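Right, one structure below, let's go through it.
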Amino acid sequence: MKKILLSLAAALMLSQAAAIPATAQEPQPGGTLRLKWGTLDTTDFHRHTGTISLPHPFAETLTSISKDGSPKGLLAESWTVSEDALTYTFKIRQGVKFHNGRTMTAADVRANFERIRDNVEAGWLTTAMEQVEGFETPDDATFIVKLKAPFAPFINLIAEAWILAPESPGWDDNISHPIGTGPFTFDSWTPQLVLKGAKFADYWMEGKPYLDAVEFDVREIADSSLALRAGDYDVASIPLNKVETLEKEGFAIDFQGGTSWDFISFNNRNPRPPFDNVRIREAVAWAVDRSEFVNIMNGEYGTPGNQPVGESNFFFDAALAADDPHNHADVERAKQIIAEEGINPADYKLYMISTPGSRSGPLLSQVLRQLGFGVDMKEFDDLGYQRALSEYDWDIYPGGSGARNDIFLRYVRLMSDGPNPGLWGGIQDPELDALINKAISTPDLNASRDFYLQAWKRVMDKYYTFSLGQKPSAYAISPKVHDFTVGFNNSAHRVDGGLAFTWIEK
Amino acid sequence: MSPHLRRLLASIGLDVLRSLGIALGIVVFTFFVIRMIPGDVVDVRGLEGSLTYSQQSAMREDLGLNKAWLQQFLDWSGMILSGDLGQSARYSIPIVDLLATVLPSTILLGTTALAIGLVLGIALPTLACLYPRSVFVTLVEAITIWSITVPTFSIGITCLIVFAVWLQWIPAIGNFVVPALILAVDTAGTLAKGLYEDMKETQRAEFIRAARAKGLSRTGIVLRHVLPNALTVTIALIGLMLAGVFTGAITMEVVFGLAGLGTMTLQAIQGRDYAVVQAIIIWLGFAVILANLVTDIVRKLVDPRLRNV
Amino acid sequence: MSVDASPRTMSPGHPGLSPLTKLAVAILAVALFIALAGPFLATHDPLMFSADMNEGPSAEHLLGTDDAGQDVYSRLLIGTGLSLLYGASAALVALGVGALAALLALAFGRPTEIVLFGLVDLIRALPGILFALACIIAFEPGVGSVILALGISFAPNFALITRAAFLHQMAQPYTAAARMLGAGRTRVALVHVLPNIAGALVTQFAIILPRCIVSESVLSFLGLGVSPELPTWGRMIAGATPYLEEAPHAALAPIIALSLVTFAFAIVGNEVRQRFNISRRSVVL
């Protein structure tokens, strides 16, 4: 018996030794990477209105955003900004080829920007293009943008201005096949099914990409963790509550640099009792325990906070965060304020809009009930809630918003004529608009930061919206995938990381 | 052509006409009903929040969504009658291409499930009638109880976890076998439940006793007299199931990650992609007509009493 | 069809209930009891979140907690009543709308009948869940629209059965006798025929009720059920499904409840049908 056990043990140890891979870190070329990562809405990348992730390994931009949120040159080798912040001069990288073999020049870059400005009426970059005075291309390697007024978010926003070959079919109307400069060619797309691309042999980064092909599953599946564990995907975005399960099974977990923001908004366009009284809003803020909410909603990965960005962000102010009295809940004080204002909560039935899968909804409802209010929580589908919010016939909305390349994209929605402002109650505050405008038109970064903070303090004082916290998006990576890193947003390719650098171990 | 055959064809023809009427009704009904649902595809495109209200109006104008419904209907009918199913408003891709992607897997899953379900659902009660004290009776009752009590989506997820994740026998996404089996058992249970009772009831009828008295074998009686007479209600049910094959089994598609018509319809409704929903309903109309036709023919062939209609 | 000439006879003799039927009735009785007494037997507030998520059964949480830290036992107690209530309401709406519409159409004559039953065929032709879904999205989401949507989806079943039973009764000698004695068509319909088709309607109700409950759970699973706060079985199953591995008890409890009640209704419905001596061919599935 002992002999058998010993030989079994020996056999086990031997097999373990054989299983340990050679610690070679040399990238091995070849293989197809299967990813579950966002979705694509259109082959005309300039017309995208929101799903910004998947053009990236196929088409490239002048700048890409690194994990810490800072822009680095991708198709632009470098750039300079004039003193008055009105002129941006980009040095265009030389020797970059489009997928059809032709070399990219500054004229191509200009053609793309002009197309976005002139042909696309309602796209992600329309607001940015409205700030542009004109474009110049003094030579093949230089691209100059002249702005009407300083616009600080410009560099970050053009990280989504895709540079495509003007020969792309449908250029004049609706591009049906995008010809880009990225490490993979855009081979085939079946909506809501799959997106495939093969390695581009003439890619400008020497020796890259290592992979032969990439395959994106673009269906809208809620939870891809089962498929990951069954081996259907190599890399996938996963919900936070599955991080632990996947880590246990040997998957590497990487988080986005940019965080999603959770908040509670009040109806600011048509405020009505009881929330037309700022003190009642304040009372609700006192009753909400940020830490408890964030813990139940996002587990250990969420961070409670009172600002629209996270701690590692340049625009975050630690003092403002630390000094916030709402860091600790005080339900008694909340009730006291309500009593002081002469409000009887039982008289009210608050109409709350909620979305499927929202965890903050039921939590908030519980809190409101604790205060004595009646709650009517209506759950809408993805589309219905946007519509319902835009009707401004509601009282309170616990919501969230994904990571954004530039802080401007957070604040623009708090402006009087901003896009889809319903999630923040449709704020119409000229003084707030003025502060935000100052923030985006100062050339000095620190001054900009100051203005943004002033704007945010105003939002806090008026309780337009009450911030709950930040949460990162998580990605699970199979152990045989190497050198795949996630950046600031859900882009799969950057100048300093992503799919061009990834290789699969055989 | 014999007068009998003529009458048969005439009655089938009338039924087809009626189904056509229903199909047209569904198409018109759906056209107007989906426009009543709040929100449209522009809201979907603006979901991530970059479109200002004026940009949204521009988009609506572009897509013709601000025209009167009647005008939209006339435009769309004209397009359909010329053979063009239109474009998806969300993806700007011809709808025929979208359908071509999902139909093969939908029909594959549906027909496999229905075929297996039919075989099981008819064979088991027949065997149970033939051998009344055998295991088949227990099997019929078991399968009946199973299809009543177990919701398909929960058994679906359980199977996914057990077979795909723990045992790694199947991929988590795109497996047809397991959902086909789950659906087949469910179908078989639904069919068997009724058929078995019908067969038992028919067995008590007068003409069966007469046949027994005449000395016909038990097997012969069951197969040639009991079964055809008992099948009438079941065939109507099969007709409904046949139409269902064409519309996709949405819960199985969602659970097993199959790209099918069910999920496409769901997403089209949620994404307010009217043209896609309408195209699917046209497809459904065809399915209804076809299913009714097949059911009708089979019924008239099988039920001896209806042959001389 | 093997229905007797005189409509109100039950099957000859009254054999006792089979053990299976007794079990089914017992299950329904327990369900009804829980539906009524649930709120008093709960140990926790069913909506109270806590930080103990996905924990197994313990002394404090008899059936454990779900992924939001809510007590499964308490939620099940409340949820039973809710699921039964919504299911029954939907089935009642279906019965009311379906039977009433059918009777009116039949009373008003052939053209109305053709139009109405054409509509019935139309609704039956649409894929069930999707029709209900579109209805719910179209009306404002909430309990009312779910009940209404399911009610309309299942009304055709009742309409068809009403018509079948009505026509069958009209072919009986006693109605002809009533007509000869001078009763109008409407009076015959309401006074003489209606009580006799009650049996068919009750049987149909017993079949449709569990289907309504299951449909509500599928709708919740797809994300469009009643308010997310109400712990119907469907909502509980939908919420617990992503965590089936971590906390199987959270999904099993409502699944077992749903299965048991559906099973019981099927058995009882069958028994009722046999008692009223209605051929299966009169029943619309």
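As written, the chains take the letters A, B and C, and residue 1 is the first residue of each chain.
Throughout what follows, contacts are C-beta pairs under 8 Å (C-beta built on N, C-alpha and C of every residue); 3 or more make two chains touch, one makes a residue touch a chain.
In this text, all values refer to a predicted model and were calculated from it rather than measured experimentally.
Chain contacts here are complete: no pair of chains fails to touch.
For the interfaces A-C and A-B, the C-beta contact count is higher for A-B. Each chain gets a centre from the mean of its Cα atoms; for chain B and chain C, those two points are 22 Å apart. Averaged C-alpha coordinates give centres for chain A and chain C that are 45 Å from one another.
Here the spacing of chain A and chain B, counted between their Cα centres, is 40 Å.
Annotation for chain B: residues touching 2 or more other chains are 38, 161, 165, 270. For chain C, the set of residues that touch two or more other chains comprises 137, 245. Counting partners per residue, chain A has 381, 384 as the residues that reach two or more other chains. Contact residues of chain A toward chain C in the complex are 222-223, 241, 245, 292, 295-296, 354, 356-359, 361-363, 365-366, 377-381, 384. In the complex of the two chains, the chain A residues touching chain B come out as 41-44, 49-52, 121-124, 126-127, 174, 190-193, 217, 219-221, 226-227, 229-232, 381-384, 386-388, 401-402, 413, 417-420, 423. Those residues of chain C lying in contact with chain B across their complex are 2, 118-119, 121-122, 124-127, 129-130, 133-134, 137-138, 210, 214, 217-218, 221-222, 237, 241, 244-245, 251, 255, 258-260, 262-263, 266, 279-281, 285. The touching residues of chain B, counted against chain A in their complex, run 38-39, 43-52, 55-56, 58-59, 62, 88, 90-93, 98, 101, 160-161, 164-165, 168, 170-174, 257, 259, 263-264, 267, 270-272.
Contact residues on chain B toward chain C in their complex (touch as defined above): 21-23, 25-26, 29-30, 33-34, 36-38, 145, 148-151, 153-154, 157-158, 161, 165, 190, 194, 197-198, 201, 205, 232-233, 237, 240, 243-244, 247-248, 250-251, 254, 262, 265-266, 269-270, 284, 288.
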